[in-house]
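Below you'll find the structures, each written out as C-alpha cells.
Shared chain: chain A. Partners: chain B in the first complex, chain C in the second.
Take a look at the complex of A and B:
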C-alpha cells in the first residue's frame, strides 16, 4: 500500500511541476499554453541526449537552460506581440507550436520510441517497510518537493516573486505602479518552460520517449489546473497530489477506467465548486 | 511653472468607439486640478489614455514635457505619474504591506518609503500583514494612495476616490490630499463630489460627453456657484 502511495506521489510530483508552469503562464498571460506538453517532451529528449555524456545532473541543467531559452523566446516572439489580440488567437498559435515542436522532435530524434536508462547513481531499490521501491522514484519525489518548496519560497520572499504574484492577480494594476510586467512575463514563461523541461528529463527514465509523449501529460495537467482553480499555485499543488494518487490507484485497481478517473474527478469538483479547489474568482 | 501632464486635441477611445473628442488639459508642477463630470462622460478614459489602455487616435499626450506614446502601461509611473484607480483595485492575494511594496518600482528618487507611508496612514502599519481587501473601504482608499506614493510621483491622479466612502472619511481624504499638495505633489482629482473638489482643487475642468465644456479657477468661488457652473 505504501508503495502505491509513493508511486502516486511520483506521478503527482511530475504533474505538479508541469502544471505549475501552466499556472504561472496563465497568471501572467491569461492564456492556456497548448505547447506546454511539447516543452515537457523537448525536455525529455534534451535530457536524453545530454545524459549520455553529461550524466543526470548535466542533463537536468541542460534541459532547464535550453527550455528556459525556448520559453523566453516564446514570450518575446509570440505571446508579447499577440497580447492585444483576442486570447483565442494566442491559444491557437500555441497549438500550432505544439505541432511544430512535435515535427521538430521527430526530425531530430526520429519517430521510434526511445528508452532512457535510469541514471546509474540512482539505480537499484531500497526496502521501505519491507517492500522494495526503486531509488530513482524517490529521487523524482525529492526533486518535485524541492521545486515546490523553492518556488513557494521564491514567490513569497523575493521581489520578483512579489511582482509575479501581483501581476498574476491584476496585471494592469501592477503595471500602473511602474512594474514592467512584460519583463516579469519573460521570466515567468521561461521559468514555466524550464520546469516543464526538468519534469520531462526526470520522467524520461520512467516513460518511453516519443514526439507525442507530451499530449497525455498536457491533458492531465489541464485537469490539475482546472481542479486546483485557474491561476492558483496552492490549488495546483493539492490537485496534482490528489490526481497523482487517483491516477495510480486507478491503474492498480480499475485499470480499464484509469484514464477516465481524472476527468470524472474534474467534473465532480467543478459541480461542487465551479471555480476549483482554491479558485475564488476568474 | 513647468508642465507635468498635458493633453492637446486628444481623441481616444476603445476599438472603433471614440470616447474623448479634442480634449485639452494641462497640469503643472504642484498644481491641484479637478476634472468634474457625470457617470459615463469619459473621465476614466482620460486616465486610460495616458496609461495606454484606451487608444489615442489623434492629438498628443505629453508627460513631463516629452511626447508620450502610451503603449506600455508601466511608463507613466516611471515618469512620475502615479494612479489611484477607480474602485481602488487593491490586489486581493497580497497583504497590505505587499500591496504597498509593488508600488516601489524602480526608476524614481525615493523620498517615500514604507515607513513614511505607515506614518501617514498608521492604520496600514497596524494591519500590515492582513490581506489588502480585508480592510474597510476607507482604509483601502488610503492603501491605494499609499501604494501610489511609493512610486514617488510628481503627479498623483485619483479617479473618483470618494466613491463609496462615508462623509467623515471623505473629510479625512480631503485633509490627506491637502497635506500631499502642500508637500509639493501635484494632484489630478477626478471626482463627482463637489465638496471634495472644492476643498482640494484650485482649478477645474468639466467634462461632458467626452469634451471639456467648461474650465475655471476655484479661488473665490462658492460651492453653490461651482455646482451651477457644472450643471450643464
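Take a look at the complex of A and C:
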C-alpha cells in the first residue's frame, strides 16, 4: 500500500508540474492551451537527446531552456496576436499546433517508442518501512515538491509574481493599472512551457517516449485544472495529488475502471463545487 | 488659440450588434473641472467611461487628452499618460492585500505616493489585509485609491458611491472634492447618488439612450424639464 501511495505521489507530482503551466497560461490569457501536452512531449525528447551527452542535469537544464524559448515564441507569435479573437480561435490554433509538433517529433525522433535510462546517480532502491522503492521515483517527488515551493515563493514574494496573481484575477484591469501584461504573459508562458519541458524530461525514464505521449497527460492535466479551480495554483496542487493517488490506486485495485475514475472525480467535484476545489482563489 | 480641454470625446459611437450604446457623443471637460455624468440605467455612462479610458474600443470618433489624440492608445498607455479610472464593481483582486494592490497601481506612476494615498483615504490600518476581508465601504475607498495613485491628471469614476450609506457617500464626495482641488485633478464622475453629484460637480452632463440630453451647471440641470421628468423626478 505504501508503495502505491508513493507511486501516486510520483504521478501526481508529474501531473502538477504539467498542469501548473496550464494554470499559469489560463490565468493570464484565459485560453486553454491544447499545445501544452506537446510541450511536455518535446521536453521528454529534448531531455532524451541531451542526456546522452550532458547527463541528467544537463538534460533538465536544456529542456527547460529550449521549452522556455518555445513558450516565449508561442506567446509572441500566436497567443498575443490572437488575444482579441474569440477564445475558440486560439483553442483551435493551439490544437493545430499540437498536431504539428507531434509530426515534428515523429520526423526528428521517429515513430518507435524510445526508452530513456534512469540516471546512474539515481539508480537503485531504498527501503522505506521495509518496502523497496526506486530512488529515482523519490527524486521525481522531490522535484515536484521543489517546483511547488519555488513557484509559491515566487508568486508571493516577487514583483512579477504579484503581477501574475493580479492578472490571473483580472488581466484587463491589471493592464489598466499600468502593468505591461504582454511582457508578463511572455514570462508566464515561457515559464509554463519550461515546466512542461522539465516534467517531460524527468518523466522520460518512467514512460515510453512517443510523439503522442503528450495527449494522454494533457487530458489528465485538464482534469487537474478543472477540479482544482480554473486559474488556481493551490487548487491545481491539491487536485494533482488527489488524481495521482486515484489514478494509481485505481490501476491496482479496480483496473477495469481506472481510466474512468479521474473523469468521475471531475464530474463529482463539479456537481459539488462548480468552480472547482479552490473556487476563484488564485 | 483656445485652451485645450483636459479630456474630450468627439462623435463617439459604440455599437453592440444592432444596438448603439453611444450615438456620436460629444463631451469636453475643462482642466480642473468636476463633471457629473448622469442618466438612467442603459444610458451609456459606463460605456462612455470605458471608451474614454481605452477599456472598450469605439466604432468612430476621437478621444483627446489635453489636445492630443489618444484614440489609438491602449488603456495601459493612457494610464501612463495620466488618465486613471475606477470601476463599478469593487473587490477586483480579492486575494491581494491593500498594499499589494496599491503597489501594482503605482507601476504607472512617476512618483508612487502609496503612503500619502493610504493616509488620505484612511486605508493605512488596512494595508496588510486582503481586500476580500475588508468592509464594502473600505473596498470602495480602495477602488478610489487605486485610481488616485500617482496623482493622475484626469480621473474617471464609475459610481464610486454605489452601495454606500448616505453618510459614507457624502464623506467620499468630500474627500474627492478636496483632493481634486488640492491636486488639480479633472474628474468625470458617473454616479446615481444625486446628492453627491449636485453637491460637488461644477457641471453636469445628462446622457439618455446613448446621446446627450442636456448639459450645464447643477442649477441649470435642475431647470431642464426633460431631465426632471425622465430622470431626476423631485429628488433634487
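General observations
To be clear about the criterion, the second predicted complex is superposed on the first by the 279 of 282 C-alpha atoms of A that agree within 3 Å, B and C clash if a C-alpha of one lies under 4 Å from a C-alpha of the other, contacts with A are read in each partner's own complex, and residues count from 1 in each chain.
The rule is simple: contacts are C-beta pairs under 8 Å (C-beta built on N, C-alpha and C of every residue); 3 or more make two chains touch, one makes a residue touch a chain.
The shown structure was predicted, so the numbers you read here are calculated from the model rather than taken from an experiment.
Aligning the two structures on chain A places chain B and chain C in a clash.
When the two structures are aligned on the shared chain, A:162 is found in touch with chain B and with chain C. Applying the stated contact rule after C-alpha superposition, one finds that A:132 touches neither chain B nor chain C. When the shared chain is aligned, no partner comes close enough to touch A:123: not chain B, not chain C.
Of the two partner chains, chain B and chain C are each touched by A:175. Note: residues 162-163, 165-166, 169-170, 172-181, 280 of chain A belong to the chain B contact set and to the chain C contact set alike, using the contact criterion stated above.
Interface residues of chain A, counted against chain C in their complex, comprise 162-163, 165-166, 169-170, 172-181, 280-282.
Within the complex, the chain C residues that touch chain A are 53-55, 74-76, 79-80, 85, 87, 92-96, 100-101, 103-109, 146.
The residues of chain B lying in touch with chain A in their complex are 51, 53, 72-74, 76-78, 82-83, 85, 89, 91-94, 98, 101-103, 105-108, 147-148, 150-151.
Across the complex, chain B is touched by residues 159, 162-163, 165-166, 168-170, 172-182, 280 of chain A.
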